[in-house]
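Structures follow.
The same chain A turns up in both complexes below, where it pairs with chain B and then with chain C.
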Partner chain A sequence: MGGEDLVGDEEDFGTRDAGETERWRRTCAIEGHESEVKSCGWSPSGSLLATCGRDRTVWVWEAHGEEEFECAAAMHGHGGDVKRVTWHPTEDVLVTTSYDESVKIWREDADGDDWSCVRTLGGEDGNGGEGHASTVWCASFEPRALDDGRVGTRCVTCGGDGKLIVWNGKGFCNTDLEFGTSFECGHDRAVLSCSWGRNGLVAAGGGDNSIRLYGEVDGTWREVVKVENAHDDDVNHVEWSPHDSSLLVSASDDGTVTIWRLS
Partner chain B sequence: MSFSGAVKIAPDALSDYIAPSQDCVVALDGGRVRIDDLGDAGEVAVRSRRSAPETRAPTGEAVKVTLSDCLACSGCVTSAESVLLEQQSVDEFLSVRKRLRSMGRGIVDWNLGVIVVSVSPQSLCSLGKVYGLDKQDTWTKFSGLMRDMGAYKVYDISGARDLALVETYAEFVERANGGAPTPLLASACPGWVCYAEKTHGELAIPHMATTKSPQQIMGTFVKSAVARDLGVSPDRVYHVSVMPCYDKKLEASRDDFMRGGVKDVDLVLTTGEVVVLLEKAGLHHLREAPNYAYDLMCDGFRVPPESEIAAHFVSGSGGYAEYVFRRAAAEIFNTPIMGAIEWVQLRNMDMREATLTVNNEVVLRVAVAYGFRNIQNLVRSLKMKKCKHHFVEIMACPSGCLNGGGQLPAPEGMSNKELVDALDEHYRIVERERNRVDVDFLYRAWIGGAPGSQPAREILRTQYHIRDKTPVGMIQLGNNW
Partner chain C sequence: MPTDDDASVRSTRGGDATTRGAIEDAFDKCLALESTARDAGYDEGVDAGRAIGEAEGRELGFRKGFELAEEVGYYAGCASAWKACARASGTYGERVERMIETLERECRESKLGDPLDEGILERVERLRGRFKTLVALLGARAVYADADASGLPSF
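Moving on, here comes the complex of A and B:
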């Protein structure tokens, strides 16, 4: 795998006026967060929407048609800015990552009346388990159907400590997580985004402008591809295409979005 | 988010009111005041997130944030709890007691002042359940404890709560007759009031019932009728209220509840803080406190209308929705409710609705909405002009006031849910047995007018304020915050 490389195809998407265009129509505005909203995401069932933000809260919204959303839960628990919401790939179970250095797992209560945090990994309330030593920026689940036929059950997180942590799934549909392994990655600054691809590789982008790919070889995680200066500024987001397992997209503070092909 | 000093509350309890979610932004030099880094001295140190060492304000003086600052600022949704603790604490109570040289048990230095305590039924319910005492014992032991701690009079707030119901209904009728926009929102919950003023002022305030909360009605009563009875000026009466809720401390600090520089409620202690007081008195159990009779707002009881009994029997949060529904059904729609109202659960247990159908048409819709998420949905429906309710009883805590953030935590081995259920059951029994003060008499003798009359409006109602988003609250901090 060492010979593989990422080939970039940069595209400047530019900026466009917010609001209505010929093809897009604003159907609904959801308000409730007190300040910056950092992340949002659809649940696998499509009926729920999660949001999180600087006000330290995590919200779950229930869709009633495309123009109506009801707040199913507004949850306190994180001690700091909540950076990212990530849904489990098949179940309506939510993972959040935060400035408080923890990863939290949220799910609906047994009586279906409310949502609550069922586990905290790392951070002050992390039950003494291993975790990140700085802001946890992002989480990504291992795809259920991997290209080599295996069934993914794990989750990876990345942090300001320059580490990636792989959490092993356990319990019902592997919706619960426990510490698996942690490895330093080559990034010498915060790792801001990670994405676990169908090809089994974890892509990571960071504050050092680089994009790196990590592969598991005989149970050990190693850097297999490195693109230094992939962007001219922080790489805020990397994501594998769910359909084409060699296609990666990255977004950066340099104002560009780049599509990469793993060759 | 931790409380310093002697106040002990369950970590869970913190999540059941609208918690401050951001660091306080009130500071002289534009720096932020870190709520969780407050010093022991009650001083607020200015600290920026990324520079670890503490930096003091330029003058060398620590920046002091008062409750009034909290109320005026929109930096966070509710208050800085550390500020509340500093100004509204057990220690503050003890220092006032010392200052007044109040020995309790009737020994008062009238030149210095007199301590009057009023207690919410939710606090008594929590104390009774956790200490395993029946209604009568809880009352006399609580009264005995407070008298040992310097109180001259100890009142039950229930009477003020009955007044709040009657006056809220008068307001409901006025609005219905005047064609005011629906719904009317019961606004006795300070968490809701604070949130509404700071984030949805223009939208929500026209809907908010202006009838004061039971605590503030009691405050007005103590500083007028009780002070007059005792023959002292209102500023010589130190009024302490005991509440299931931290945000009541904030409510008591509103300028609207101050007349001639005298606050109607000087200090609010939570149910949990009563336990701290108990420990300070050297007692291990409420049972060890002396028995002492409690005081009544007026002599003479009455048999109240069923609507009033049912209100408290059904709801641990004041019973506004139940009361308004019953009276409106009987008096506006000539369809008195016999037996129980059918409360239909909407999207969760804390969102319920009752409807009255006359001639196959729904003529009255009343709802209960507890907890932050249901407040969100309600505000959303207001905004989209889709709210069909005529009246909504709003409380910020999930499960309402019995589950207030200031209540005693569940004993070991009991979940919070089980505790709330147990409190609910206990409360119903207590409310069935409770003697009712004569509300009509209070309207006549104290207020000097009928419900909704000019004197009643002056004494029993308040106002709300739109809190602008202040520039200081909008400070953007770098570093990916």
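Moving on, here comes the complex of A and C:
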């Protein structure tokens, strides 16, 4: 696995010019949150949208006709800021991460009129189970179809405690999670974002301005690539391209977005 | 040969067992004065503290119980009003009407009576969620914007 490197990709992705903006039209404004909305995401089925925010709530919205969304549920339960919503790759099951140090899994009730938390991992309500010791910033599911032919079943989360935790999938379509293993990020700042690529590597962006890639070597997670000063400020978001498993995008507080290629 | 003087000296020396015991007790009381006083003060404090604690606890419980019940009562009132509006307008849609019905029923069944019931907060949270969902569905956010009783600081 050694010898890999992450380099800034030179391909020109272009910039938006004035004419292009006419192709984007606001179709719908969704209101419900009472303060900053921190994250949003489409479900794998495409008919649901999840949002979460500083008001400690998680909302699920359902597509209603062509361009409207109506509220399906407003879920309480997190004890702090909800930082991120992440949908399961194949099922309409939602994972949320929060300032309250927990990771919650949400599913629609059998009667279809509400959503409930079916599992809390870590934090105060986590029944003393293993988890993060600080804000959990992000969750990313192992892609179901990995490049090497394996079927992914796990999920990784990262937190302000500098740890990345790999959770093992269990239950129906691996929609339930249990603690698997945890490893250190390699720096003493928060890990703000993580993304599990089809190449099997977990990319993480940190408060130390770095991007690091971690891989499983003989069953243990290890840092395999480190790009220090990938940005001039906090790296808030990293994401592997869903189509080209050597492409990674990163966004930072320094105001730039960089595309990287793994070689 | 014992003289009267000898006898009196003998008695002041506490040659008699009970007299010696009595004098030792007297000295013990002096030596233990600090801890005795402290124990007595502690007991008094516990009793006084218990009384004040009970009074403060009752006041706090009243306040918290009131807040919780007020929130549930508010949702029940809204559900009742919305139900009437739904019946009058007939345009709310089956899903919204079903949710109003559920909100009303769950308010009724919220069982706030037992302060030791840990499920109370969970039930109230679910009610809060259903209320907010309905507000969003009815497009009535402007009207109910300040309704959130859980205005705790967040970070």
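A few points about this structure:
Criterion: the second predicted complex is superposed on the first by the 250 of 263 C-alpha atoms of A that agree within 3 Å, B and C clash if a C-alpha of one lies under 4 Å from a C-alpha of the other, contacts with A are read in each partner's own complex, and residues count from 1 in each chain.
We adopt the following convention: a residue touches a chain if its C-beta (ideal position, glycine included) is under 8 Å from a C-beta of that chain, and two chains touch if they have at least 3 such contacts.
What you see is a predicted model; the values in this text were computed from it and never measured.
Superposition of the two complexes onto chain A shows a clash between chain B and chain C. Judged by the touch definition given at the top, the superposed model places A:178 against neither chain B nor chain C. Once chain A of one complex is fitted onto chain A of the other, the partner contacts of A:124 are absent, as it touches neither chain B nor chain C.
In the superposition on chain A, A:35 makes contact with both chain B and chain C. When both complexes are overlaid on chain A, the residue A:244 reaches neither chain B nor chain C.
In the superposition on chain A, no contact is made by A:228 with either chain B or chain C. In the superposed pair of complexes, A:70 makes contact with chain B and with chain C alike.
For chain B, the stretch among 97-105, 385-393 or 457-465 that collides with chain C in the superposed model is 385-393. Comparing the two complexes, residues 31-32, 34-35, 54-57, 70-74, 76-77, 81, 99, 113-114 of chain A contact chain B in one case and chain C in the other. For chain A in complex with chain C, the touching residues are 31-32, 34-35, 54-57, 59, 70-77, 80-81, 99, 113-114. By the touch criterion stated above, chain A contacts chain B in their complex at residues 31-32, 34-36, 54-57, 62, 70-74, 76-77, 79, 81, 99, 113-114, 135. Chain B makes touch with chain A in their complex at residues 1, 14-15, 19, 21-22, 76-77, 199, 347-349, 372-374, 376-377, 380, 383, 398, 480-481. By the touch criterion given at the top, residues 95, 98-99, 102, 125-126, 128-130, 132-133, 135-137, 141, 145, 148, 150, 154-155 of chain C touch chain A in their complex.
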